[in-house]
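Both complexes shown next keep subunit A, but they swap its partner, so subunit B is in the first and subunit C is in the second.
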Partner chain A sequence: MRRAAVAIVKLTSCSGCINEFLYTIASYPELLRSVSIVHATEFQDLNTLEDIDVALVEGSVVTQHQEELVKEVRSRARTLIAIGTCATFGGIQAGRVGEDLRKVILASYPNPDFISALPDVKSLDRVVKVDFNLSGCPVNGDALARLLVKVILGGSEVPIAESVCSECKRVGVLCVMVSRGVPCLGPVTLGGCGAICPRFGRGCYGCYGLNTTVVDGERLARFSEVLEKVGMGRGDLEAFLKYFSFSALTKIRVRE
Partner chain B sequence: MRMLQGLLTRVEGEGEVVLRTENGKMVGVEVRISEAPRFFEYIVRGRRYVDVPDLVSRICGLCGVSYVVTACRAFENCFEIEVPEYEEELRMAVLGAERVKSHVIHVAYLNLPDLIGLGSIGELFESYTHLFQSASKIVLWARKAMEILGGRFHNVVNIRIGGVYSFPSSEKVRALSRDLNEILNDFEGLARFVLGLRSISEEVHKLRYMATACSGSYCWASNKLVLDDGTYFGVESFENYVLTEQVSYSNALRYRLVTGEPYLVGPIARYNNYMKYLREEVRELLEEFGWNRELRGVYQSVVARIAETYNTLLELRDFLSSYRERTVSSPPKVSRVRGPCVAVTEAPRGILYHRYLLDDNLRVRSSNIITPTAQNLACMEYLIEGKLYGSALDSKAVEVAKSLIRCFDPCISCSVHVSRVEIPAGTTRT
Partner chain C sequence: MAAQLTKYFKGGLGDLRALFDAVKNYVSVVVGYRVSGDAVGFGPVESLESLPLGLEDSQAPGAYRLSRGSSGFFRHSHASPKYWLHLPVQEVFTVLEDYAVDIARYDTYSAALFGIKPCDLVSMEVLDRILKNDDSYWSRRSKIELVVVEECTVPGATCFCGSIGTGPSASTGFDIAYARLSNGIIFKYGSEKGLRILEKLELTEVSEEDVAEYERAIARAGELTRYLPPPSEISKSLERSVSDTSFWKEVSSRCVGCTNCNMVCPTCFCTEFVDQIEPSGRAKRVRQWFGCLSHTYGQVAGTHYRPELYMRYRHFVLHKFLFYPKQVGLVGCVGCGRCITWCPVGIDLREVVSKVVSRYGS
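Let's turn to the complex of A and B:
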């Protein structure tokens, strides 16, 4: 069988999801026999973006150059998978969107003229067509391995979008919000993490992004009232949503 | 004037090395950090101090625990919070597991190809399958350890200001402890292979260096720092000992000692300070290969990484084998903060410095985070210039520069995290 050409592309991010891919190939080394990594600057010297079967893209688009790069990758890739919360929702760097860009840069760098950045932070689907969105901060490496194998073998999409609550129920974790009054974003957040925060006795802070298949503006507004009663103010909720669900917020707004 | 450029590969993040030439001779170097800035300073501004550790964890996908621990320690310092002993031990174990992961990824997957003449992790898998598998097993064990003790591989969730959220079950920890014996065998195989390599260069690099300061132990976290000349100072005066500079070609700020000299942080700085405090088994292994001596240059940092990994694995063995599940302490109650919240921790790549100022509502007013890679950037250029200045350049020279940079294990995403700096006039170079 011809090896599938896989390209790993990094935009604005921390490389955490790419390292999950590294974990993926460390735990499933046989994958290296069915894929050929044609582009991954973190692991190899020779890199090309010629003819790609599967492009895994980490990070969000914040510069003109990245916008062009991701369009080029799209035009050469049969399948494009956005990996991680930055690629699927914009990521934590979206926290500065809406602020005066020059002020942001000036507060950070002594000489702002050396720094170029766009005012917006874009998830991939705002720039190109994305075949699969696999969110998570970081993305779950096991899920990535399974999706990769499925895509290589030509499997079809199974549209499941659960919230973290489902995972708590499955592993038998007592609801931290109901039983102990700990603020938890689990009800509105995409699952896939295995409910790790509630399992460690703390509330979810939403790092897999808003589950927009079940949450709309109305429900989010009502949920924010519940959170307020257990001690998480509206401003703090909005900050977390901006960090981990930014691109979803253009569709869903917390009702004023 | 001509330029020879090379994209940095087998490093984390996006960077480039540029060699400037005149009449075919090398006259200068730029290590360009082209990774786009993420403006973390803006992101944490206005946030509750309790939320900061989980946010700054996102600066780095390789050493997020170091960020979480440093942020927690900064707030514990300014609120005068005592962390219960067993919770501190658990946090240090998570930090240790991260170190093992980070060092082994660098040694085996990124650095080793240079030492045995390969260009990628795929080639390593083909030609040295056994070695690749040993390294993978160690990384996977470290992952398991981070999952059990910290919740996950990156952006761990179990560390909070004042301690931890919960103690993992003894049963899970016992399984981890059992597996570690086999992992130690795998590690020894990898260590012996690397330490025995004749290709580790003896090139001498005369550099200033800085590390955290502890007495009587290999130092990973402390409120004191030490320079190579023995100068000690408290973490609260760290910013008085370094100059900040910004250059036009890089998105990362850079640091020098106040004398203008570049300085090195990381494995070599730690090793040369604390090698005598490595465990006996580690020192014996080093001695067997003739490495029980001061390391002379950054090419030898691979030796320090091996030594530190081995030492950390042995410490983890002790921690895991004597582990007992306990009840966690209640989260600390704080009301007033005294002065800035400052701390420094040894991340795998060197000292990581955090400073936060809080407002009356205990929300972040401003912050400054100085990463190891940003501190090492001036050293990288200094060494490349020293090695190549005046020599004729070809594409081989670019490879030489790239492999030198790789020895620092640069973490480029971290280095552009960026924070507000109060920079004295006249130090900005263009």
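Let's turn to the complex of A and C:
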């Protein structure tokens, strides 16, 4: 069988998802029998962007150059998978949207003139057609490997949209919010992580993104009252949602 | 009355321990509400110490707390026998690299359930009828050789078994039941097997007074859990409420579709298949609990049965009180109150059902 040409493309992001992919390759080296990595600027010297079977794109679009790059990738890739919460929702860097861009740049770079960033932070689906969205900060490497193998074999996948709570209960964790009053975003967050944080006794902070198949502005507003009762203020909630669910927020109407 | 008395025996904590040991000798594994760390799950229990006898739970809509104390009375946690009988995640088969299919084999060791609550006892009867053709469920269920029930003399604040008739005492489907009273433990048997085991313990005979006290305690607990009209009345009212869209939208307006209610419900049995293709070329088909409150549940090729959340919440309630009776001749809700306690936003099924009956009752 011809090995599938896979491109790993990085936009604005922390490389955590690409690392997850590398860990996955390390634990399943047989993956390299069916995959040939034609583009991965982070870990190989020879890179081409010609004929791509599957593009794995990490990061969100924050510059003009990235917008062009991702369109280019899309035009050459049969399948495009957005990996991680930056690519699917905007990611942590969306926290700067609405702030004075120059001040933000000055806070991080000594020489701001070399930086050209757009005021907005866009998830991939706002720029190109995305075939599969795999959120997570970072993405779940096993889930990524399975999806990749499925796609290479010509299969597809209907995403199961359920909350972190579904996973939490299947694992049998005692709910941190109901049993200890720890604020938890699990009920409104997309599952996929296996309820990692509640398994360690902590509340979920929503890193897989808002489950917009269920949660609209009204429900979110009502749920924020529940969180407030157990001690998560509006400010914290808004920050978490901005960091991990930015593009979803523009889709749902938030009641003030 | 004399014939009635022979049904009961009296003893203390030491006798409960002796009963546990007798049951343990009878089967390979004793299963029940298992204390692990600061939580209570459901699984194999080594000794009486692993049971939550010294714990007290307090429950309210959206709130649960466990505390320790010798006078404590434990009702239940999120975990019901469903965790043991109808596994949350279950491998169905594996397709090997050469496309040979390896069908999952199921455990076959004998087990006893110890200390389960009357509501959970009835939940197993409901699951039995629904899942009797399910190999995985049945392989575990058929190996349960003995059931010991702990009756509830002090019901919890979200319990409503008395409304459904599933508690606070056990009537059928068990071998032994016991009830903890202030001056001792009353044991009763529900089968010949149960009687034989009880006879081997050094229990004392009960006095008429003991029986009267036991019956008073159960009656009191029954009163405390009687919130709702009879299930037949609930079903009729629900049938009339189905097209009242605005009513169902209103009662589910705080729901976020998290499926906690489905997951903790001892009779919710729905599952979804997930195909996991490994990089080696092996593929596993896994079946896992799936709740009808989640969006994907009602989705089929080309359309969606219940695209809006209120439809899915309505379906949950209708299934319990209207459809289970049609499917298997039993009410699907056993009144355990778990969906109320473990709903993170505290939606109260009793309140919703009461509203339906007050609006649509005869």
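Following the convention adopted for this analysis, the second predicted complex is superposed on the first by the 246 of 256 C-alpha atoms of A that agree within 3 Å, B and C clash if a C-alpha of one lies under 4 Å from a C-alpha of the other, contacts with A are read in each partner's own complex, and residues count from 1 in each chain.
The criterion applied here is as follows: a contact is a pair of C-beta atoms (placed from the backbone, for glycine too) under 8 Å apart; a residue touches a chain by one contact, two chains touch by 3 or more.
Keep in mind it's a predicted model, so treat the numbers as computed, not measured.
Touch criterion met: A:V188 reaches subunit C, while subunit B stays clear of it.
Of the two partner chains, subunit C is the only one that A:G172 touches; subunit B does not reach it. Once chain A of one complex is fitted onto chain A of the other, the partner contacts of A:I196 are limited to subunit B, with no touch recorded for subunit C.
By the touch criterion defined above, A:L49 lies against neither subunit B nor subunit C after alignment on the C-alpha atoms of chain A.
Counting the residues of subunit A that each partner touches, subunit B and subunit C differ, and the larger count belongs to B. When both complexes are overlaid on chain A, the residue A:A117 reaches subunit B alone and has no touch with subunit C. Once the two complexes are overlaid on the shared chain, A:A221 sits clear of subunit B and of subunit C alike.
For subunit A in complex with subunit B, the residues that touch the partner chain are 10-20, 22-23, 25-27, 29, 32, 36-37, 41-47, 62-63, 66, 91-93, 95-96, 99, 104-105, 107-111, 114-115, 117, 137-138, 141, 193, 196-197, 199-202, 205, 207, 236, 239, 243. Residue ranges on subunit C touching subunit A, taken from their complex, read 38-41, 62-66, 77-79, 83, 88-89, 253-260, 263-264, 272, 274-281, 288-291, 294-296, 299, 309, 341-342, 344-346. Those residues of subunit B whose C-beta lies close enough to touch subunit A in the complex are 7-14, 35-39, 41-43, 46-48, 51, 54-55, 58-62, 64, 105, 109-110, 119-122, 125, 132-133, 136, 139-140, 143, 151-155, 157-158, 160, 165-166, 244, 246-251, 253, 328, 413-414, 418-421, 423, 428, 430.
By the touch rule above, subunit A contacts subunit C in their complex via residues 24, 28, 30-31, 34, 145-146, 149-150, 153, 155, 158-163, 165-166, 169-175, 177-179, 181, 184, 186-188, 211, 213-215, 218-219, 222-223, 226.
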